[in-house]
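In what follows, chain A forms one complex with chain B and a second complex with chain C.
On to the complex of A and B.
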């Protein structure tokens, strides 16, 4: 088609462009590589569309500012990398509990601590889920290409708005800095979701966290619209006010998890290749999924019974994928630039019915197709 | 302003959330009343007024106030308020929080909001201590005073929070006490009315967890101490240095004018790009 919008674009830029396309109008951030390009671009792009950009004093404040702005009904985002992501955990927990939609981009670099600025890693998978204290659910999406970064950023805003939850876009240095020729989808055809909100205060008290289903999503008013709602990081009842009533505490925490878990199949995106008669399945996410798919492509040409899965959603973890693998599968090989965070989840999902092997590399360099190939060529 | 009757301010209370959690004799109620009198005096629209707080005894105040209220994490009231104000400059955004919240864990946010001169009003419930956790020393505890974590007397020098705000760029700064409750209404009104970052430091009493360790074990003794140590700024300035010791100025400490953050952003970031 001639009217296709084809551009050479960087992963981080695709994230920022998609956020604007999704309707994001407030960004707060703190400089850190390898995420800097997102803030740099949005500092001029946001005011040009009537939005607001601010560079806060740290990542804690950045997270606070996007939560505050989101409470007024605006779609908001921040972007960071490991050290900043660690600082954000406190208020990510607040956003999860208070059900405040927002998108947090973590372009991973090597850790722990200041780690490897700026070399790739994929070691924040567990931190995404367990970073803040207390039990709370999280939605985490992981792109492996520039186009996927665009699509998953849109998906992230849609989930955040629909389920009233923070969503983490877990990119990495390779994907964030990668330039690829991509076709930008027609913005006017994107299917975008806006959070549901009541428009007019009803007579009497409005229960902002009321849901008719135990895994429902509350219809919380925007602040400044006359509802006089109370938002608190304390465990609260349906009216939004603090409670210690054991039944109400249990109901809230159950619903928070339920609203994500019950929609798991819809939230979980993945790409499967050559799975039909595969004996070995290469499983990965982010930049390393690219290496896996190349091994699958080349292996198939040689007649190897090999398939691949690129997990685009890491949390909620798509355990059903591993429970529903074709009968031919004997071994799942999980390739990741960490010590085996996803491999552990796959083992849990398969319940020891399959052999699960990890290919792990934590050297600030990508796992190459050659490394994967030589690992699977050895008897495993 | 004192013509405002209790029934008029009572309509701004979520009476169904009462009784409050504060101890009898706590200064927080006096500040809350002064704040609501200021709301009445300024005829603020309760639908367009947002109150943001942090963590601690005083931050629980938002639960009792009938506005849109946000009870955030410890020290984070100002960042959340900043986000609200930037995208909704038409809202009046007030931060109510304690001295530990604002000056310790939220200290960095406080000075940066002052530097930006964003149109927020911060009312500090300044009781020199972390009352909720049992009375530990805060960055505003006077040197030598005893607390749960400075049993022999605090060795640290406190911030003069008003001077800190001034140095950081706040454009309206006032101090009062719960004894000077009538002046307090006026100062809070001025602060909210001011277009820019406003700070009202209110010295309040916590006789239960602080006063008892410093020979001010009753609410009356706390108030008497405030009465004897708070000196109107004009008089305070004329005092010889050695007499200023242990006293503190009350009234409007500083008032100035410079571009407010959201105005400046609109002017520079938006129109700058369109030129």
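On to the complex of A and C.
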């Protein structure tokens, strides 16, 4: 047996390895538990492949640095946890508005505030979407295993590049620190996407934010390649300069949302198990999805009609999944280490057609299969 | 790397390696899980659990070794506990079933709970200091003993994993420590094995 590609790898390391495989060549960050292993590894691995690693003075500066570097045409990333992620919010909004591709890794720990540095939580789901002010779309991916961390990091860079948008990889302390057996995929076979860019300045004016479709993606030149680029956090027209023209304001904001929403089914990844004839569906994401799948596996052996969904994409929220559930489904049980952030979204998606129940835990410890099982064994 | 003395375990095995920060607990857990994953053809997962301290505080590695894919990666009812400190013993022994195996570092553990039938006792830290002139390889003696008693991993495979992770100047002492663990476990072998 060829054991060459089989390793025991940590989730955080898999994220860093995947970022390198995706072509990420600039990382700026401020190490914070439980994400530090990402920065630690990249501090030596990035220079070794000709990339740049900068340990910044804080997370605000880290976010600024990856935005700036990205505008020069490089794939960029930062990694943090709750307290640092909070500091990054302003510039995440800037990246969304100015359509600057970048990947932000948030390995969630217990909060609020400094919270529980070495304990898991999944309470940043809403912050990922609504953390910065104003209406902006966000793509948020949530891995539940080491292999998924690898795959979703690649997916994150591909979406960021194709749609010119910041993408958040929302891991958690358990998945980030978990070591698992993983067969590293052949890097040369990965399908990677690079942003479209104009090659040389045309003779006339070049509108950097021009798109021909209302949900199109602009072909923004790399800064330093001879184009005149104006990038601003003010609402801008196609030329990149500030505007208050109501039509232009509306068109920009509609396009920002449209470019994500119109590609929702492609962005939204999930794993479903044992869904045919299921009466109860356990829905979760991240580390907690592992507990759910354990309950599904054991429950099926006992003849329970139970299925499971692991949401690998949390934003845009895959509401269509819940509208297309098999007819047999009566109850959706949403398990999450927070007060019910995803459960609310599932309720919204199902309307009043299904019973939606939350199993929530905010104690800095994972929801165990035993806890889920005893909750569903009680009459729901 | 599956020699005659090692069997690929069927089903799920949960192992807890626990002690104080600084005892190489997480490294020990990593080596165990990696050996199982890379050389024994098993599914393996390891979850490190520790507080914010660098030294002291309880440090624990939870290891799952399974012949099937692992869904829940945390321990629920451990089969084996390596207790390197009293606090580790007090915290994790109650989670073991009565048929569990406890491997005890008697240098730092005085009280061993009553009901357990399969207990392997050795002063790992004292042995490490006496033979290898450093307490830090106590974890490797314990892993050598675990390999021998449980047959979940082969000691020689464990050494191959060690080669990848420890600097060459200390590899010899680490391998000696593993051999020492194998030796004392063989000597004291009392018939417990993975069933």
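Simple rule for what comes next: the second predicted complex is superposed on the first by the 377 of 380 C-alpha atoms of A that agree within 3 Å, B and C clash if a C-alpha of one lies under 4 Å from a C-alpha of the other, contacts with A are read in each partner's own complex, and residues count from 1 in each chain.
The rule is simple: a contact is a pair of C-beta atoms (placed from the backbone, for glycine too) under 8 Å apart; a residue touches a chain by one contact, two chains touch by 3 or more.
Values in this document were obtained by computation on a predicted structure and should not be read as measured data.
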Partner chain(s) touched by A:72 [first = chain B, second = chain C, both, neither]: first
Partner chain in contact with A:291 - chain B first, chain C second, else both or neither: second
Partner chain(s) touched by A:227 [first = chain B, second = chain C, both, neither]: first
Touching partner for A:241 - first (chain B), second (chain C), both, neither: first
Chain B versus chain C as contact partner of A:174, first or second or both or neither: second
Chain B versus chain C as contact partner of A:8, first or second or both or neither: second
Residue contacts with chain A in the superposition, chain B compared against chain C: B
Which superposed partner A:255 touches (first chain B, second chain C, both, neither): neither
Residues of chain C touching chain A in the complex: 30, 33-34, 37-39, 41-52, 70-74, 76
Of all residues in chain A, those that touch chain C in their complex: 1, 3, 6-8, 33, 117-118, 174, 177-181, 287, 290-291, 293-294, 297, 366, 368-370
Contacting residues of chain A [partner chain B, same complex]: 25-26, 28, 43-44, 47-48, 50, 52-54, 56-58, 60-72, 74, 76, 90-91, 94, 223-234, 241-242
Interface residues, chain B side, partner chain A - complex: 14, 17, 46-48, 50, 52, 55, 62-63, 66-73, 76, 78-88, 90-91, 108-109, 112, 265, 269-270, 273-274
